[in-house]
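Below are two complexes that have chain A in common, paired first with chain B and then with chain C.
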Partner chain A sequence: MLDVLTQVAQLALNGIMTGAVLAMPAIGFTLLYAVLGFPNFAVSGHLAVGAFAGWILNTHYGWPLWAVVPFGFIAAGVLGVATQRVVVEPLRGAASITLAIASVAVALLIENALRFGFGNTLRSYDLPLARDVTIGALRFGPQQMQTAAVAIVVMLLLFALLRYTRLGRAIRATADNASLAAVKGIDTVAIARLVAFVGMGLAGASGVLLGADTAIDPLIGFRLVLAVFAAAVVGGLGSIPGAVLGALVIGIAEEVSTIVLPSDYKSAVGFLLILLFLTFRPRGLLGERRN
Partner chain B sequence: MEVRDVVAGYGASDEILKGVSLAVGERELVCIIGPNGAGKSTLLKVVAGLLRPRRGTVAFAGNVLTGAPPRQIARAGVAYVAQEQNVFPSLTVRENLLVGSYLHPASAEQRCRSMMERFPVLRERKDRAARTLSGGQRQTLAVAAALMAEPRMLVLDEPSAGLSPKVTEELFATLAGIRAQGVSILMVEQNALAALAVADRAYIFVLGRNEREGAAAAIAADPEIRRVFLGG
Partner chain C sequence: MSKSMSSARRDWLRAMSVTAIGAAVLPRSAWAQAGTPIVIGSLTPQTGAGSIYGPGMRDAIAAVVKEVNAAGGVISRQIKLVSEDDQTNPEATVRAARKLIDVDKAVAILGPWASSVAAAVAPVCWESETMCAIVGSADNITRLPHKGFLIRTQPNISMQAARFGRLALDQNPKSIYFLGPQTPFTQIYIDVVAKMAKDKGVAFASEIYDGSKTSYRSEVDKAMKFKPDVLLLGGFVNDNAVVLRDIYRAGYKGTMIGFGTGVNTKLLESVPPEAVEGIYAVTPSAALGSPAYKRLAKLINVADPGPFESQAYDMINLTVLAIAQGKQATGPAIRDNIRKVSQGGGTVVDDAVEGIKLIGEGKKINYEGASGPVEFDQYGDIVDSKFRIEQVRGGKLTLVEIS
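Let's turn to the complex of A and B:
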């Protein structure tokens, strides 16, 4: 009995760590959705760009992880602004499904450009090996704990920015009603670009953290994007605390499902949760009811 | 504010305004009345910069603003209040007021306090999300948020829509007070008799063209206009 409980606890812990990895791109995804009004699946390509930008600095120039994470953020963020200007802005006024499909095209373009440049082989960051931390019968990966801490700090900073600053109010106002925000004197185009920078930047930074924990290849984001989408839907599209909560729910559900399901099927849990939430609670756990 | 020969519509072949003109002087309250489809709200969208006219000019305080983005029009001192969706539902009442003063951040907090003194109904609900307000409270918030921008001119689309007669009366009294403080007002209003009672001048639009214009009192007293446009 104790063994089973330990196994469940370890799986739940692994789930929290998986959720921590998902939380940052999910925050980016949900922020982009709130302001731009469509699910931007290009986060997967931007995540991969961040991971590769970080990998180059780390393995070719010896930069440590703490310096590489902001660089991954900036590289993906700058690319995010470029795709916003080149792809999203010309499609202004198009239906959200059109924009969502365009974002899939952007993701494919970026991922294939990376394949062209770097090939499909797995690559690892050059980081000192760290032992797992053991408390009782439970093991924690130090890299995953670091990722969880970064995700929590990012969430708190973004939450504070959005809640307590003039810029944050302008972002939330634009998310609520862009034409009303423009009438109030807010430069909504600049706000959308800033959000593209931050949202895609978060995906890029999480690409670095993911790469530091496992290994990277051009499809690193593609494999994660369903779970990221599921986390945002479960938490409530547009809600930042919701994205973190959704990421934890998806992470724990995926890991705990391996008790009864072969682990190959654990990504189906994300699909199942999307289906359940869209059917029974479309606004997710913390999403706001829209007028 | 001077609007001259404006032609505008939403689709490529759609022409709602077929060449309308109007003028609003300083400290003047002007209302536009007319049947549905006359293009009243469309004209206000052109004035606010939300719809680019195909022809004609919009000028304010000597500056030509035709086709300028809403942000530039707001900077020029024009505050627009739409008929619906005129507050940010997920922002609190206080946040809505602060966003109203986005172009004047230095004085925003102080103006927010004085606005809440002026409209106690907003002070009592300052930390509540705007989506929880009643129709009248929401309309009051929309007007107050527009005033936060310290506008020289207020442009209002059907401010009394959905409001009870008592709240409408209070709203029009508030508008008269705002005008008395030096703010020009251009207003489209379905409640034509009540609007004419507070307005200085009025325009009647029919099918995207100017039909009549004149002093509000004269328009309200004209038996022909009363019969055709004011329901007797």
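Let's turn to the complex of A and C:
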């Protein structure tokens, strides 16, 4: 019995570490959805851009990880503003499905541009691997716990920004009703660009963390984007704490499912959760009910 | 608007006039030699999991085509190579194959690399009577009713698995664990090695995972619980890069063995050295040191061509030689003649240009390739292959043996 409990605890812990990787891009994805009103799948391309920007600084100039993460954020954020201006703003007023399809096209363009520039070869950050730490019967990965901590700090900072600052109120007002916010004198275009910067920046920063933990190639974001989408849907599209919770739920559910299912069905578990939530609780775990 | 249209019309008329004058003044022999080019399709993975190998394969094929064309072509016709990306994706492969066959009128398709891709393209080829040379190594592909339009230059999975299992058992283990991604051939590996282990009284267990994940901690935990003396890794570079990190983090100290498709220089570039030190790699070997291999190295200007570049070189040479032998550039003619130039004795050749010359002189030839003797059984499988056993020592792949 103790053995089974230990196994479940270890799998849950592994799930938290898997979920931590999803949490940051899920926060970016959900923030973009809340303000721009469509699922922006271009997070996958921006995640890859952040990962490559970080890789250049780390391997060519020897920058440490703590310095590389903000750079990945800025690189992807700047690109996010550019795609907002060039692709999203001209489509203002179009149906959300049109914008979602355009975002897929942007993701493909960015990933192919990276492939053109860097090729398909896998690349590794120049960082040493740390052995896991064993406490009791449980194994912890220091690097993954670091990623989880960063995701939680980012979530708290963003949450505080949105809740307690004037800028945050402007963002929330734009998310609730952009037309009304504009009437009240809020520059909704500037707010949307700022959100594109932050949302895509988060994807870029998570690309750096993921790259440091695994290896990078132009499709690093593509492989993750559906799981990110699942996390945002399960947590409640538009809810920042929900994105983190959704990511952890997806991660834990996938790992714990291996007790009864073969490992190669893990991905199906995430999508089963999407189906269940869309059917029985469309607003997700922490999403607000929308009329 | 009307001005630009009339300008376009003038340009078109001018171009047509130049063409017509050219037709009038060019000597008759130039037309005869130009003829209609023979179209051969290269369908290799430029993107996706196989993208590490595809560009090299495509370049090897292109280099041979260039060489043959420079020497006057085959059956007095030039070869036009059309290269497509199979994306390591069966659906994309079928679309690309249909384009090569229906639009470009390719008589042969060379290179489908992954087993899933090769299995998808095979019916498209045999239904259209297009010759197809594949790498994809799942056993059952060549057992499909392909009417002879399929050959495979890579040893099949059963051959590879047996070599994999033999190396594992050579370590005198008490237990062996197989950890690999879901692919059409993973179960064959498991079955072959499990039987070999059972025959020797060695404990065996396995786990198949989803190859697109960012973490394999739980799968590695399961493996560690089994306490394997030998850990067999069935993954490709992309998933091995993640799996090996998690194995290192878990503190595994036993022997690891992987396939050359998953443990190679590309992997060493993408994983910290401490995670790969000591791992063995088993790869169907190119015929190192053979005249064809040396020739290929010079032709593509690569010091140490890999097995897939070598196979691609053999695919195009065999195709061209079969066309020369059959004096026809059609799928059935290539099918009917490919074994006449690859086996059964004759003057040994290692390149198409020399072979075309000898065939023209009425001589029987036997092509010996860069990947091996390339002799095929009735299913289209090669009958023999050597394997290269390497080990990562001091961060570098070091040759242990070729056997």
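Remarks
Note that the second predicted complex is superposed on the first by the 290 of 291 C-alpha atoms of A that agree within 3 Å, B and C clash if a C-alpha of one lies under 4 Å from a C-alpha of the other, contacts with A are read in each partner's own complex, and residues count from 1 in each chain.
Everything that follows uses one rule, which is that a residue touches a chain if its C-beta (ideal position, glycine included) is under 8 Å from a C-beta of that chain, and two chains touch if they have at least 3 such contacts.
Keep in mind the model is a prediction, meaning the values are calculated, not measured.
When both complexes are superposed on chain A, chain B and chain C end up sitting side by side without clashing. Look at A:206: by the touch rule set out above, it reaches neither chain B nor chain C.
Of the two partner chains placed by the overlay, neither chain B nor chain C lies in contact with A:44.
Looking at the shared chain after the overlay, A:30 reaches neither chain B nor chain C.
Contacts of A:146 after superposition: neither chain B nor chain C is touched.
Residue contacts after overlaying the shared chain place A:239 against neither chain B nor chain C.
Shared-chain residue A:17: touches chain C; no touch with chain B. Look at A:103: by the touch rule set out above, it reaches neither chain B nor chain C. In the superposition on chain A, A:179 makes contact with chain B only, not with chain C.
Considering which of chain B and chain C touches more of chain A, the answer is C. Put simply, the nearest alpha carbons of chain B and chain C end up 27 Å apart when the two models share chain A. Within the complex formed with chain A, the residues of chain C that make contact are 46-47, 51-52, 181-182, 207-210, 212-215, 217-219, 221-222, 237-238, 241-242, 245, 248-251, 266-267, 269-272, 274-275.
Across the complex, chain A meets chain C through its residues 10-11, 14, 17-18, 21, 115, 120-124, 127-132, 139, 141, 144, 210, 213-215, 217, 223-224, 255, 258, 262-267. Interface residues of chain B facing chain A in the complex, by the touch rule stated above, are 48-50, 69-71, 74-75, 79-80, 82, 85-91, 95, 98-100, 102-103, 105, 108, 131, 145, 149.
Those residues of chain A that touch chain B in the shared complex are 166, 169-170, 172-173, 175-177, 179-187, 288-291.
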